[in-house]
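Have a look at the structure below before the remarks.
Labels run A, B and C following the written order; every chain starts at residue 1.
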Amino acid sequence: MLRRLLKDKSAVVCVAFIVVVMAAGLLADTVPLNNPNKVNVLAKLQAPSFAYPLGTDHLGRCTLSRLVHGIRPTIFLSLLTMCCTIALGSAIGLLSGYFRGRVDEVVMRVCDVMLSFPSQVMILAVVGVLGPGMMNVVAANILIKWAWYGRMIRSSVIRYGEKGYVLFSKVSGTGAPYIVFRHLLPGVASELLVLASLDMGWVILNISTLSFLGLGVQAPTAEWGAMLNEAKDVMVRAPLQMLVPGVAIMTVVAAFNMLGDSLRDALDPKTV
Amino acid sequence: MLFPMLLGISFIAFVLVNLIPADPAEVALRINDIQPTEEAIALMREELGLDRPFFTRYLQWLSKSTRFDFGATFTNANRTVAGEIARSLPATLELSAAALVIVIGSSLLLGVSCALYRDTLFDRSVRLFVFLGTAMPNYWVGLLLMWFFALKLDLLPTSGGGGWKNLILPAVTLSLTYISTYIRLIRNNMIENMSEEYVLYANARGLKQRTVVFGHVLRNSLHSCVTALGMSVPQLIAGAFVVENVFAWPGIGRLCISAIFNRDYPVIQAYILVMGVLFIFCNLAVDILHCFMDPRLRRSS
Amino acid sequence: MENVLSVRDLHISVRGEKPLSLVKNVSFDVEAGRCLGILGESGSGKSLTCGSLVGLLGSEYAVSGEVRFNGRNLLTANREELRRLRGAEISMILQNPMTSFDPLRTIESHILETLRAHGRVSRKEALAAGREMLARMRIEDPDGAMRRYPHQMSGGMLQRTMIGLALLLGPKLIVADEPTTALDSITRFEVVEEIRRMREEYECAMIFVSHDLGVLASVADSVLVMHEGEVVEKGELRRVFASPRSEQARYLLGTRFSLIDRFRRMVRNEGGAPSRMDYAAASF
């Protein structure tokens, strides 16, 4: 599968782009950028210049610097959310699919209830209960999506579980954990990867939306959604402030979406 | 099936709010700028009925809810939650309805055109637009539209509820997310259906291209789209809160957001319940519509 | 007898960087009132040939040659001309009746739209014509049948409806592309009988594609044998079946004969030259 993926030029471009962005986020502190939190009211809302390549926001902070520093909350929080969601969903899905019986039924009922609730309402409900804050937003997202992954993994497990080599393992007496990790997981992993990359975009949009509303990341942390929230108040005087974070979100989400599409095509035997 | 779900949702709503670490009585006092002394808290607890056991409170809340009595809001003891919701729900429904009309209209038009003129420049540009559209945060689009149409061109008002002029920008913004999905859905469905055998037979009988496309292909394609659309209606209504916030549209989403900031728990609770109920009824309506549209399902319904 | 249809040097290939030739140098004539059978295994190009006659192939195919009908070369006709021909002068009967009808529309609706596509017809007239057609196809309760949806009818009934629809506007030529292949043996027999009866009553020319020798023997007057996109043999049915000249034809007939032979030996214990009726009986 990896070979097919590498042949797809757009996929390679997307992966390269995402890697560059993430590296920039990780190295934000070491790269020579202006201090993202340094307030300089005299320099507020300046047009792009050599000192401030993307201008300044309403508190005189360097927009480029805030953009780069904002990679961490926006993207890494989303990654954290995804990993936890997948871990939780997979664990439950694997166990449920492998053991079947009563456990499976109960778990599926719970998943059904969780999935039937409109996700936006659930997010608001959870954030409403826990209050605004970064980790609360992450928790809300995990709570909503785990059921979906749980379901997917469970049906994959059931499908793969009926394949010959797994039955053979069971018959020859190998222990359950071995079967689960050695046989089931790799087969399921590739499907997971496709779902995850397609979902990543959704999570990024969700987290930035909540930050935009003031429910997620709190000031003065730089985060793209929060930056847009601040930019909307100065829309008339400095429209650039409104464009920059939005374009950033759009390109990163688009990259993940395209990657997910390419992964899905690479996995699909019909397009060989 | 329906009733237990309703019960389940109400239970979840109640449980969630009661999981709050903060003491609701204290919060209620603070919001109204009353000093939370020991006595005041005790009085408030009694007033809110918080001193009674969990299930009693749940049943009481549930029975009151069926009579649409959600109690008073924390922020202003003079206003009832029911009243607030009654005031703001129609605005959200109006916005959602307008967005739905735009979604249906544009996605039908563009989806069908793309399927008919497959792989032309038009098709490819629309697909690019769709792809970018799903990657753009909708509040950002709202801001851009606001900046362009309201501020630059000064054609429309920037915010507030009211007449159709105020409705346009928020409705267009809200519809954008869903348009992308539906254009793609309709286009793919139509392309798939065009290679079905009944299309070959229709052509073999000498039917006009227009009849084949609209009478046969489109009708079959719409089938699955209607189901998907129906499922999105509650999502549309629920997701309106962002757009309402950007354009200061006085809807139920905006109400909930301010309730979250104000820690106004009765409002949040009622919001969850109302949205949950709405969701279930929408699903029911879709199921019925689905049966109605497909003669193959009518026997079993 | 004059030719209803004349095909000369028909070439069909798939467009692309490396065009793939699928049908080469196909030429044949269909005389008025006669039935031409086209015999060949899957992939021999039979269906493509049929589809190309009235311009039903998609744009990914390139078709060249000459298809003369009513004095016109159909391959150079414009879309509207071809559309008017289809269903009215040249009708088709397809292989899969179950999937050829729109599942969301009633039989009545199919009949109405077919008639309306070819002229002004009032609803009453159209329904009356439809009812009469279904009755002639020996479908019981024509009124009930018209109001039914395709999934509520059996394969045999749908196929008979298709045959009826093909005849509705009095075509000069009917192109039947493996109309009995998807049916079970008993239904196949009924439909073949229907087609024979229809041919006697209506005297329209026919092209009948099949890989089933028994069915062809019951219906066709002359036969065209196709193999890998080319015509390997042409001639009167009796002659071709009794003494095939080309290798492929001999192979096709030979393999079938050995099956039929066993059956006949089991049932009758007789030798002698096979007759047309024997084929018909032996095809189930």
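One rule holds in what follows: a contact is a pair of C-beta atoms (placed from the backbone, for glycine too) under 8 Å apart; a residue touches a chain by one contact, two chains touch by 3 or more.
All figures in this text were calculated on a predicted structure; none of them were measured in a lab.
Trainee: Check every other chain and keep only those touching both chain A and chain C; list them.
Mentor: Touches both chain A and chain C: B.
Trainee: Using C-alpha centroids, which chain lies at the maximum separation from chain B?
Mentor: Max centre-to-centre separation from chain B belongs to C.
Trainee: Weigh B-C against A-B on C-beta contact pairs and write down the one with more.
Mentor: A-B
Trainee: In terms of CA centres, which chain lies closest to the overall middle?
Mentor: Chain closest to the assembly's C-alpha mean: B.
Trainee: Could you give the separation in Å between the centres of chain A and chain C, each centre being the mean of its C-alpha atoms?
Mentor: 57
Trainee: Express in whole angstrom the distance between the two chain centres, defined as the mean CA positions of chain B and chain C.
Mentor: Roughly 53 Å, centre to centre.
Trainee: Starting from the mean Cα coordinates of chain A and chain B, work out the distance between those two points in Å.
Mentor: 23
Trainee: Going by the contact rule at the top, pick out the chain B residues touching chain C in the complex.
Mentor: For chain B paired with chain C, touching residues are 196-198, 200-209, 211, 215-216, 219-220, 223, 293-296.
Trainee: Which positions of chain A touch chain B when the two form their complex?
Mentor: Touch residues, chain A against chain B: 113, 116-121, 124-129, 131-132, 201, 205, 208-209, 212-215, 225, 228, 231-232, 235-236, 239, 242-243, 246, 249-251, 253-254, 257-258.
Trainee: For chain B, which residues are in contact with chain A within the complex?
Mentor: 5, 8-9, 12-13, 16-17, 19-20, 131-132, 134-140, 143-144, 146-147, 151, 234-235, 238-239, 241-242, 245-246, 256-257, 259-261, 263, 265, 268, 271-272, 275-276, 279, 283
Trainee: So in the complex, which bits of chain C are touching chain B?
Mentor: Against chain B, chain C makes touches at 54, 56, 79, 83-88, 91-92, 94, 96, 99-105, 113-114, 117-118, 149, 151, 162, 165.
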